[in-house]
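Structures are listed in the sections that come next.
The two complexes that follow have chain A in common; it is paired with chain B in the first and with chain C in the second.
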Partner chain A sequence: MLAFTLRRIVVSIPILLLSSFIVFVLVSTSGDPLEPLKVRQPPVPQQTLDAEAERLWLNDPLLARYVRWLGGLFQGDFGPSVISTQDIGDQIGTRFFVTLRLIALAMIIALVLAVIVGVVSAVKQYSITDYTATFVGFLFLSMPAFWLAILLKQAGIEFNLAVGDSVIYTIGEATPNFQGTFWERVADVAGHMVLPTISLALISYAAWSRYQRASMLEVMNADYIRLARAKGVPRRTVMVRHGLRNALIPLTTVTALDLASIISGAVVTERVFQWHGMGEFLLDSIATADVYATMAWLLVTAVVVILFNLIADLLYAVLDPRIRYA
Partner chain B sequence: MRRTRAASLVAVTAVATLLLAACGGGGGNAGGEGGGGAADQTSQGGILAECGDNPLDCNSVPADQLQQGGQITVALEKNIDNWFLISSEGNTSPQSNAIHPMLPYTYSTLPDLSLALNEDVFVSGEQTNTNPQTIEFKIKPEAVWNDGTPVSAQDFIYNWKYQDGKTCPSCRPATTAGYDQIASIVGSDGDKTVTVTFAQPYTDWKNLWSAGSPMYPAHIAAQQGDINTEAGLVAAEAYFGTTTPTYSAGPYQVENWQPETALTTVPNPQWYGADKPKLDRIVYRIITDATQEPIALQNDEVQVIFPQPQVDLVQQVAQIPGVSQQQSLGLSWEHIDFNADNPALTTPLRQALAAATPVQEMIDKTVGQFNDEVTPLKSSVLLPGLDGYQDNVGDTGLGSGDIEKAKKILTDAGYTGVGTALVDPNGQPVPTMRMRYTVGNAIRQTQSEIFVAAAKQLGVTFEIQTTDDLGGTLDAYDYDAIVFAYISSPFPFGNAQQEYTSTSASNYVRFKDPEADRLLAEAASSTDQADALTKLNEVDKKILAAAATIPLYQKPTYLAIKDNIANARDNASLDSPTYNIAQWGLRNG
Partner chain C sequence: MPEPTTSTPSTGASTTATSTPPAGQKVAGAPPEREFTVAERSQLQLVLRRFLQHRLAVVSFVVLILLVLLAYVGGALWKYKFGEFTPDESEPPSWEHPFGTDSAGKDQFAQVLRGTQISLQIAVLVAIFSTVIGTLWGAVAGYFGGIVDTVMMRIADLILTLPLIAVAAMLAHNFGGTWWLISLVIAGLYWAYVSRVARGVVLSLREKEFIEAAKALGSSDWRIILRHLVPNALGSIIVNATILISVAILLETALSYLGFGVSVPDTSLGLLVSEAQTALSTRSWLFYFPGLFIILIALCINFIGDGLRDALDPQQTKVRR
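This part shows the complex of A and B:
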């Protein structure tokens, strides 16, 4: 398994290099980072434009800029940001953990809910429970993330009005300069997490529960399940040990890929709830034609995608002992 | 059995839909009994109702009737990435809104767009000589930074050297305009009298060290290096850009900065101004998505917002109880520029296109949907509310949408095929041209479509093309017509010279008139403002007569506040509603 892991990592390096070069060219040629200065009134002096062009390496040819950026990476330098006061490495580090904090609980809730609902739906196929779960699943699946978030915000405001206190918040991770005891602080943070967590959890749950249901139905109709039941193995044991375990394999793949993309930035949720994570970093970087910031985001994203794919592959072996990697 | 299942499905669907509707519908019934009068799309309402007639004193409450203490949270639409407002990177509106009230400045723009000396800091600021032009500022003896260091001539000198374009070629100031014309600055009376002498007259001298480019403390800059040298100025630039201010010469000072989250300010104990802060704190909360501001306002997470108004936003705020809103006509104005370098765009053709363009229709279909006070603009150099503004469009028909008049202009000039396929007086078909606007800007898309439809009626075809690089497109003059906005100011002379002088790279209309060049140069370097305004209007008449540009309208600005907030009102200039932050407070009760 170690050899397999190492091989996967080595294979990913040229992919990473190629994708970074393609994105570098695309972002570099798609906008001018000095544009906001050029259209400003009164006009920004030429000396300022020259100094900025020099600072952002804009006087170098495209290829030279890429090579310089690549060389800097090995020394921990992500290159100059359009925002001169911004250290891209620091930003990526901070924002990565903001996103992790935002999604961690939501993903756990979504996963647990999806597995339970998916299994119950499959086992009670065509029952009122199944119809209900199916309806709710498709409802959240078809609902645009920003709209769901806005609905939740309105619900949060109504809740606050009903209890006559600010319990649920619509923006940010915590109240700035919050004064209070430890538990009041916990309540404040929790009040800020409620809506984005529900929002993210519902969206992810919807898709995952459908996968889980389909997968469980397929497994439960397999011959080896019927055989186990015919041999008198208790229904519960058949479902959990033989059915669920096998049915989790497709969901593992889907979850791994989804998690990688969500960690790269729950773009809409971050924006609507004003959590300053990876998604917002990407949007801002693209909007300001900040090439090196975009590249840093790409690197982190690529590593996360590779990592989660690897984890998914390794989990197959755990879920199905017949799978072994040479 | 199947009927039972189907019935169940219907029941589940119905219940879930009801739940969802209940979830989303709550806010809609909230009422409208709050101040905002924008349900009928008027410009202001509630406690801000008088601001249209009384922009300077509306929502006023005397200080002794305000609550002592409390906190107001103001939404800020951008993270503070750079604290140095006079650098190119720091010089953005949201940053300035929070920071400039903490710094000393000479003049500011009031809500009626008039200029006022900052009387908290200065006794006077006047032109004392015309040849050479000399300005004398007298600083109040009690004006000090919060560490006790006097506000002095040294602050003027440091900020001048940073922006003069000569002492520090590798610095990145936002502008050098006017500072590069100063010959000397001399301090006297213990550095409390500042005498500024110009090498060449500068009409807009009140713009220097004004609220848009306030002063930073020279004594702190000097701690970073010798501020008479380039190295020292570069070091100070880096320091001021990256360091959260501990310094303040305004009513509030920074208590705490949480990047991407909030700036918290508290009263400056050394504050010497007439209006003593009544609040314990003013918090600037970073909300980078304007569409989320009304919801945060409704949930009382912020109490003051001033985003760009949109139809949905204005209507949304109108539904929030206990909130008032106000719109003003700002200093940002939309216009369509023609590229006169294109030989096909002759003066008669531009005049005809300008006459055919229905500006009122453009307004009705865009900003007119949420502001009924926006009207067609009649000048390309000044805005209503600014000194010297007058109707220079006259009987040119520019922007009237008068197709018949436009056709007559073309026919009189010898064009044929008017209304079908236009042919110029030399017998050459007028080629298809490009109308450009910034990609994703729905308002400009509508304006472009209306313009193109009007041109079509004259037999001229324009293709609409977007640009994702407005600066690059303008710099390359890569358009035949283009719609974008300029931001004017009460200091119009320098801007006009940049925009319309024949040799200026920023002359995007490619208007070339030696007489206009002379008038613009004289207007920008005059010691007589009235005479300068007269010359500016003469130039404007030439520009509009040649239909070099079609001024469209002023863009509205917007403010929404909780009804318990006193003394806050919209200021459509770049000085923003925070221009009088020392006076803000909470109503008693």
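This part shows the complex of A and C:
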């Protein structure tokens, strides 16, 4: 197991290096970071432009810039940002946890929802409940994340108007400059999380509930389930002890594989609710051709996704002893 | 597994005389004597029958055809063109403007039809490119195995590691805002998914007897891949590609919403939603109609994919029906 873990990590490193180089080239050639300075009126003096170019390493050839960036990483330096006052490492440090709490909570809610819906539709296969759940699942699968998010946001605004007080927070990840005790702060953050989390969870649960339904059906058709029933074990016990516990295993892999797409969903959701999270950071960085900021975002995300997949694979072996990583 | 008619040299053929003409005629030749008649059904008929039994998929297929007609024929016949300014500003839906107008007086119905065209065109282009590249990539990797497989699949993994929206936004920012460039960007990422599916199927097919037979007959590697492996893997690939297409449509709308997709003067459903976002309280019709069209298109394609899964790939559906 340890050997497997180490090998996976070692194999991931060349992938990360190669992909980082390709992405570096793509981002570096995607636009001129000095463009806003050059078109500014009145014109910016040439010295300022030269200084900016020097600060952003633009005078070095592409490969040299990449090597310098890579070298900086090992010293915890993400490179200079287009916004001269912005430190990329600091930004990522605070924004990462903002986005993490959205994604983590949404995933937990989505998983619970998926398991409940999947199991119920498997147990009541071809019933009205099953068909309804399937249809609703397909509906959320076909719904753009931003559309649902805007819809929920609008519902929140309408609700606030109807009540005459802002009960549901619809903008931002927390009240700016919030004054209060620790618990009031927690309540404030939690209040801001309600709508974005619901929106992201609803978009994500649908695919998982389909998997859960299929895997539950497969398990319930297995011989050992019939044996358990024949022994006289109550139906409910068979379903939970023998059925559900085994049917949950495939979901670990699916969840890990879908992490990247949930991050995509989070980027859009954050934009709708105007969160100052990783999503905003990425979109702003791309729009301003901020090479090192974009690279930092992609690097952090890639490491998280790779680690998460590794954990899922290891967990899979723990849950299903038939799987052995030699 | 769907068995194409071109590759049925079964195990029985090897024991008979070597002068036997290419197998496959055994089935089509003299019918065996039976007391009852058995009507012969082609592969296509079988698939079609199974597809037609999936009512929701058939309904979705009809709706999708209607949507295509509405978008292209309706778009050409409708009295307003997309991007055309009418004197009516911020009108709610009426007979004159079924989906209302925006604050500049553009007819939302014409805009939505144009957006639907874009979505459908992107769907087709992504489907063609990602399926062809992904299938070949996966089939070659799976067939040759070893180092070729490792390298090719690592490249595919590399694409799958990153959130698509980030890479797509970056590439789209790089290559700019026409619909066909956007679809090339999306296809350039989606083939990796298709290649995984294709490789998975090819890996199991590779060990089958008919591939061994083809090899023994001296077929070249390319012939085996293109004539024997790909046609047999096509069922699973088409099913997965269909579902990917709906994801691709959603990705394009998300990109346009974020400002990295199709840009003005052209329009797309995502862009329309994005423009309507600020005016949701006052001109809600601008927001609902493009969104409903996105859902309708994606939903139809998803249901068709579900039906195709039942029809083409019955093994995957042992839990359904």
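In this section, the second predicted complex is superposed on the first by the 302 of 326 C-alpha atoms of A that agree within 3 Å, B and C clash if a C-alpha of one lies under 4 Å from a C-alpha of the other, contacts with A are read in each partner's own complex, and residues count from 1 in each chain.
Following the convention adopted for this analysis, contacts are C-beta pairs under 8 Å (C-beta built on N, C-alpha and C of every residue); 3 or more make two chains touch, one makes a residue touch a chain.
Note that the structure is predicted; figures quoted are calculated from it, not measured.
Colleague: Just checking: does A:264 make contact with chain B only, chain C only, both, or neither of them? Give me first, second, both or neither.
Modeller: In the superposition, A:264 touches chain C alone.
Colleague: Would you sort A:157 into first (chain B), second (chain C), both or neither based on which partner it touches?
Modeller: both
Colleague: Of the partners chain B and chain C, which touch A:120 in the superposed model: first, second, both, neither?
Modeller: neither
Colleague: Looking at A:39, would you say it contacts chain B, chain C, both, or neither? Reply first, second, both or neither.
Modeller: Only chain B; A:39 stays clear of chain C.
Colleague: Just checking: does A:31 make contact with chain B only, chain C only, both, or neither of them? Give me first, second, both or neither.
Modeller: Both partners, chain B and chain C.
Colleague: Considering only touches as defined above, state whether A:244 meets chain B (first), chain C (second), both or neither.
Modeller: In the superposed model, A:244 contacts neither chain B nor chain C.
Colleague: Is A:141 touching the first partner chain B, the second partner chain C, both, or neither of them?
Modeller: In the superposition, A:141 contacts chain C only.
Colleague: If I apply the document's touch criterion, which positions on chain A are contacted by chain B in one structure and by chain C in the other?
Modeller: 30-31, 139, 150-151, 154, 157, 271-272
Colleague: Touching residues of chain A toward chain C in the complex: what are they?
Modeller: 15, 18-19, 23, 26-27, 29-31, 138-139, 141-147, 150-151, 154, 157, 213-214, 217-218, 221, 260-261, 263-264, 267-268, 271-272, 282-283, 286-287, 294, 297-298, 301-302, 305-306
Colleague: Per the contact definition, I'd like the list of chain C residues that touch chain A in the complex.
Modeller: Within the complex, chain C contacts chain A at residues 154, 157-158, 160-167, 169-171, 173-174, 246, 250, 253-254, 257-260, 270, 273-274, 277, 280-281, 287, 291, 294-295, 298-299, 301-303, 306, 318-319.
Colleague: Where on chain A is chain B touching in the complex?
Modeller: 30-32, 34-45, 47-48, 51-52, 83-86, 126, 128, 131-132, 135-136, 139, 150-158, 160, 166, 168-173, 176-177, 271-272, 274, 276, 280, 284
Colleague: Touching chain A in the complex: which residues of chain B?
Modeller: Where chain B meets chain A, its residues are 5, 8-9, 12-13, 16, 20, 23-24, 26-27, 79, 81-82, 88-89, 91, 165, 169-177, 241-242, 255-256, 258, 260-262, 264, 281, 283, 285-289, 292, 295-296, 298-301, 468-472, 474-475, 484, 486-489, 494-495, 498, 506.
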